[in-house]
Amino acid sequence: MAGGSVTTGAEGSVLLKWIATLGLLIVVAIPCLFIVVQAIFPEFGSGSFAAPFSLFFKTLSDPALFGMAGNTLLLGVGTVICAAVFAVPLAALRALYRVPGALIWDGLLLIPFMIPPYIAALGWIMTLQPRGYLEQVTGFNMASLLFSVSGIMLIMGLNTFSVVYFVLSRTFETIGARYSDVGRVFGAGQWRSFWRITFPLAMPGLAASLLLVFAMSIEEYGTPAALGRRIGFEVLVTGIENRISEWPIDLPGSATLSLVLVGMALVAFMVQRWLLNRRDYRIVGGKPQASDKRSLGVWAVPATLLFAFVALLATGLPILAILATALSRTISGGLKPSNMGLDNFRELLGAGSDGLIALGNSLMLGTTTALLAGLLGAITAYSVVKGRGRFRIVLDALSITPNSLPGVVVGVGIILAWNQPWLPITPYNTPFILLLAYVCILLPQPVRYATASLHQLGDNLESAARVSGAGPLRAFTRIVFPLILPSMVTAMILVFAVASRELVASLLVAPVGFQTIAVYIWQQFDQGSAGLGMAMAFCAVLITTLIPLALISLLRWLTRGSVAGLS
Amino acid sequence: MFSKSSAVSGAPALSLQGVSMSYGAEKVLHQIDLNLAAGEVLGLLGPSGCGKTTLLRLISGLLLPDAGQIQIAGTTVAAPRAGITLPPEKRGLGMVFQDYALWPHMSVARNVAFPLEMMRVGASECKDRVTRALDRVGLGAMAERRPSDLSGGQQQRVAIARAIVAEPPLVLFDEPLSNLDRELRETMVEEIADLVADLNLSAVYVTHDHAEALTLANHVAVMRGGWVEQLAAPAELVDHPKTAAVAEFLRLGCLLPALHDAENWLIKGTDLSLPAGVFGGAEAQVLLPEKALRLDANGPNKLKTEVLRAQVRSTGQALTLRVVGTNHVIRHLTPAPVRAGDVLELSFSPEDLRWFPVADPHH
Amino acid sequence: MFSKSSAVSGAPALSLQGVSMSYGAEKVLHQIDLNLAAGEVLGLLGPSGCGKTTLLRLISGLLLPDAGQIQIAGTTVAAPRAGITLPPEKRGLGMVFQDYALWPHMSVARNVAFPLEMMRVGASECKDRVTRALDRVGLGAMAERRPSDLSGGQQQRVAIARAIVAEPPLVLFDEPLSNLDRELRETMVEEIADLVADLNLSAVYVTHDHAEALTLANHVAVMRGGWVEQLAAPAELVDHPKTAAVAEFLRLGCLLPALHDAENWLIKGTDLSLPAGVFGGAEAQVLLPEKALRLDANGPNKLKTEVLRAQVRSTGQALTLRVVGTNHVIRHLTPAPVRAGDVLELSFSPEDLRWFPVADPHH
Amino acid sequence: DVTVYSAGPGALIKNLAAGFTEKTGIKANVFQATTGKVMARLEAESSNPVADVVVSASWGTATDFSAKGLLLPYESPNAETVPDFLKMEGAVAQGVAGLIIAWNTQSGTPKPADWSDLAKPEYKDLVTLPDPAASGGTYTLVEAFLANDMSDVLQGLKDNGAIVAGANKAALNPVLQGAKAAVFAGVDYITMSAAAKGETVEAIFPTSGTVVAPRPIMILKSSQNQDDAKQFVDYVLSEEGQKAVAKVNLMPSRTDIKVDRPLIGDLKLLSNEGAPARDDVLADFKKIFN
């Protein structure tokens, strides 16, 4: 951060640095390394280093690659813009004003994240395509928007903007009204002081969350596959998935293409770093200032309507589509009362304990992943932001990598890494491998959240703890961590949500016979019971939303407002 | 953004009537009435936590009063009864915040340029004025730094430069020189005085440094516990403090409790008599002003004191004297070489004494 | 965490040898040598931006010096040559940060309790000591508030309470009283002095208030541009400033340029003669100390001055005087009623004059 | 114990495993996913294999594995009535899927009888087809079309506004909802199952012939549980196992199992002789559809 060339005597904890390094090494670096190795040595899967680079250059010299990479970039950037457009106003309103029903909107806006993307895409298709639910209800369809590049961006923006919303509302909340108020004293109107002061000050949150969205959208498969195929919009992930979706599969090729994705994400990462290091965003100083949320006054109604509108788009429509499908006996029967019924839900409950077991597994894994990833993320971000040396950039870059890798590829990397015959013990084929996979895939979230938060933290707060006799570890646990806790709680809720619905990696690395919610849903689909799958998806969304909400309420009650930002 | 012509001519630059304000249940400002003529400086003095910053925040529009009304240049900017609240940006102010409140993401120059940009001042003029403002506070060389790479005093000066760069008709200063050394402080006080005089600005100036307030302000308000105890010109304040509390706070001298015993006023608990005052009642507090005391024992009244402590000051020695026969201490600054233990005779005139009732008006 | 017994007995509480430090390419501390005996207070005075805070951060271990070494109670805590760096928590310090560095997520009481918790003091003792520390700074009633709900001065006092609550052997104060009113400041200075004396603590005390430094400190270091100009006891500093810059900074009086013309010393550009000094060379700067000047025109040497300005102070009038026939100004405080335009004769003794060379030793 | 990696349908392998355990007392651990995921996992695990038995949806897997020498040669006694073209050294078909036209009976279009019908104006913009890159069945059909000089049918489809829509399910969904009328190259058992659930969709075997996708079951040479694995294969090919196969509307590979749906023997099959290599097939397809 500031004054980078000065040697400080209050280095962060060495222990934390080691935890971060080792954690990232085990969770991220090793699988990634094996992906690289696989890309280079096509025969590596069977333990042979034969024919290095034989497929590498062949894959990269595919003339179609250029177009796909361009499309990927276009899609990533477009999604980022859509997500920002949806999220920035909502986050600013949520953080700076007393929005009626704020917690409810938070809960609702969390849901797009909990709906598996392939289900959401299906929901959108079934709603908007000709004779879809929209046409059945209102008489018109929006197929031309749905099956277009901007439609894909819009839908992916709607699926991912909650990341931006949550990070940004934390960031804005920390900034508060104080700094823009100062601007207003100096003659800036409300808008100008927002755009000149509050918004630029939120750059850590904005850059971090948009980086996440970018990385997520270039590796996202479900939506571009469902919508883009039809209009010939091919992106790199479709290329990757095609290589491993049917016999014969091409692991080295997909690994190689994944590296292109990683490269793109790293470029985005460098842009984010540059943005954050160019300026100083430390606004949590040693002279705390009270900052209350403002009342919206007459704007309460329009603001509520805006929230309602976005929540309807991002959550309402997909959920309604899911519900409609779940309640329909047959899809071809349409939304006729005679075709509606609780059959699918009844079958779900009657299907024996399988669904329940899957649910239990997912919740268990989700919770553990949230805690582990949250902690490791906070520690990593701390080592990166407050540490020094070139090494921390490597750590930082590593922490975003899994987010840009398609789940299948991460899965393959993890199998390659942990199913080596010479390993004395291995988590492979136990549920722990799923934990490892989830932490790997989801670590980028808490790291970015914590990074955004840490960039706002003045140095003297930690310094004061050190001078007061706290060792580096205690300074972290007593001062730094509590100060970023509100962000971390949000990050952990998101991690929980995604972990309890993650499909692709789960499918690939789950121990034989071990089921999670996502796998269960997918299997229903695979048998052709879209209705049953949708019913399960609906229940899963309901449960994964209610659990974190209950947790927050409990936390709020326990801390009774003494932890900032839990509101 | 704001224009001097919009002011109702002849109206006071600032006027507060019956302004009250609470944080939650705790009332921190009571019935504040203040008036400030255009071109004048109002000093605000008062102990820590008495509500000075809160008052400035009310004037700037960052807080709203619970009752009363505030007018700036004749325009009512806040009046809860009438439902009027003008947002801060419409009030035409500059302000130095107690915690500086610099924007960390902008360079020093950008911080200072902000008020000008809000007035849509052209780029080259803006640059000139920023340079001038930074030069005024001695930071011309640091324009491109980040605020966080400055020392505390340098940051404070950036805050001053930002407040004055646009030369707004009313400037609010919240302890603007607290982190500066004395030399710089004196220069800055002069700068501010010149600025106010040259541009006919008005200012409210919160400070803990009496000298600063007395030098700069045309009127000084002494606050205590959310009340204005006295509002007066500096000379009046020093010569005729309204209450014992004001005298005490301003460190005007030694406050002695006095009892009217038969026909004499005596220092309570002793038999030291005081010159008769024009004060009714049986009990009083008497101020023995420091500036009325002479070390040359040839005034009309005398007091025997013992030197408790003699501390070096750059302009002489600061003595702590005990009135012999009592526990009351008197402070006195003298260039003469004196040691602890010496017995000194101080003289004063009875007309310099100030008499106050014992009970406090508000508390 | 730290124990007084670990100190090498007889070793100075703090000792810096040849300490230098740069921020990037900019060198902000040059060859600092300081020694502080146990039980003493070292005052640090110097203009804004001269490196005082940086020096404290070096002592506390928050920064590392580029060269030199630092010892606390006989233990080397930083010596880049030898590769020694003791982290801050091992140095047994208390510190008041210039920006307070209060933790926003903890109540006032929790903030203050933190150093005790780090020493694993039992809960009930901890509570007692926190209460005592908060009472010392007058904030007993605000223990459960959040720091953000306090006024600036109250926050500063929380920072003081936190620094002293654990009674660490060495306390670093960075302008700890800058946001307090004078009354409170005097009380706090006494509190700090008592604390240091009672517990045999040592302290480094950065301030911009000369009175504070001279009252509290056994030795005062005057810094300028990263150099220590003079390190001396208060009386010595005031009586024998080492350089013109020190005299100027301490506002000891009027500095006049003097030229040795044939056999007389004259004020440069005039024909006013000065009493002959014991100073070699053809050019010099002469300090006419304020405390040596008397308004009664019966001293051995005299100077005619004109009153430029007379400002009200609580202890009299602050005069700005111009030496007649020159542009040099002299400051003087007098209880006598004087007006601008009056011509006054000031007297002084030649032995009070101080002579300095014109060239600056460092710059 | 026996560990089975199986590519869909999930209900089938679940029933088979349960039935096997009930009959033999041997536990069957099942990993069920798409062919691609199963193969990716197998390949990633190949330095330390976990699976004993593999069920794939693509016959090519079996030939390829066999060529690499990964398969344990085993001729199950129950495989006697399996036609020769569904057997090879180390692998035998568990069941067979056929490629069909999946047509929505409520779509208001005439019932198509052959592939080329879908290029008619009545079906303008109403046909989907799975992507051969993501669907083994479609690939096989396209391959056969190219081998038999029928690529003009594909061109006709393209000109008639047919769209390529992801994998099998993604192509079927719009037809179910009525957005489209028919899937070109639908999969018979998926369509039949949907129809059985009440969806208004019908599987039509085109008159000019179609292709089938045999689903090989094979035992890996690396298996540590070869006896159990052999028993599993025996069970799958037993009458009970084949009934389970038929229950999900796949064609049993044994000809002596009678079920109420067109069986291999009833179908006119297109030959794949002389088809170009995979990359060329996909490239040719792409040339038409893009």
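As written, the chain order gives the labels A, B, C and D, with residue 1 at the start of each chain.
Criterion: a contact is a pair of C-beta atoms (placed from the backbone, for glycine too) under 8 Å apart; a residue touches a chain by one contact, two chains touch by 3 or more.
Because the structure is predicted, anything quoted here is derived from the model rather than measured.
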item: Higher-contact pair (C-beta pairs counted), A-D versus A-C; value: A-D
item: Euclidean distance of C-alpha centroids - chain A vs chain D, Å; value: 35
item: Centre distance in Å when chain B and chain D are each reduced to the mean of their C-alpha atoms; value: 90
item: Rounded Å distance between chain A and chain C, as computed from the means of their C-alpha atoms; value: 54
item: Touching two or more other chains - residues of chain C; value: 23, 99, 149, 152
item: Residues of chain D touching at least two other chains; value: none
item: Residue numbers of chain A (touch at least two other chains); value: 3, 285, 287, 289
item: Each pair of chains that touches, named by its two labels; value: A-B, A-C, A-D, B-C
item: Interfacial residue positions of chain C with respect to chain A in the complex; value: 1-2, 23-24, 57, 60-64, 78, 85, 87-89, 91-95, 97, 99-105, 114-115, 118-119, 146-149, 152, 155, 159, 162, 166
item: Chain D - residues contacting chain A, complex; value: 3, 8-11, 29-37, 39-41, 43-48, 50, 56-58, 60-61, 64, 104, 106, 131, 133-136, 139, 163-167, 169-170, 173-174, 176-179, 190, 193-194, 197-201, 278, 289-290
item: Contact footprint of chain B on chain C as seen in their complex; value: 23, 45-49, 53, 98-99, 149-154, 156-157, 174-175, 178-185, 208-211, 214-215, 234-235, 237-238, 248-252, 290-292, 294, 311-316, 318, 333, 335
item: Touch list for chain A against partner chain D, complex; value: 45-47, 122, 125-126, 129-132, 143, 225-226, 229-230, 232, 241-242, 244-249, 251, 329-334, 408, 411-412, 415-416, 419-421, 429, 507-510, 512-513, 523, 525-530
item: In the complex with chain B, residue positions of chain A that touch it; value: 2-3, 178-179, 181-190, 192-193, 196-197, 200-201, 203, 279-283, 285, 287, 289
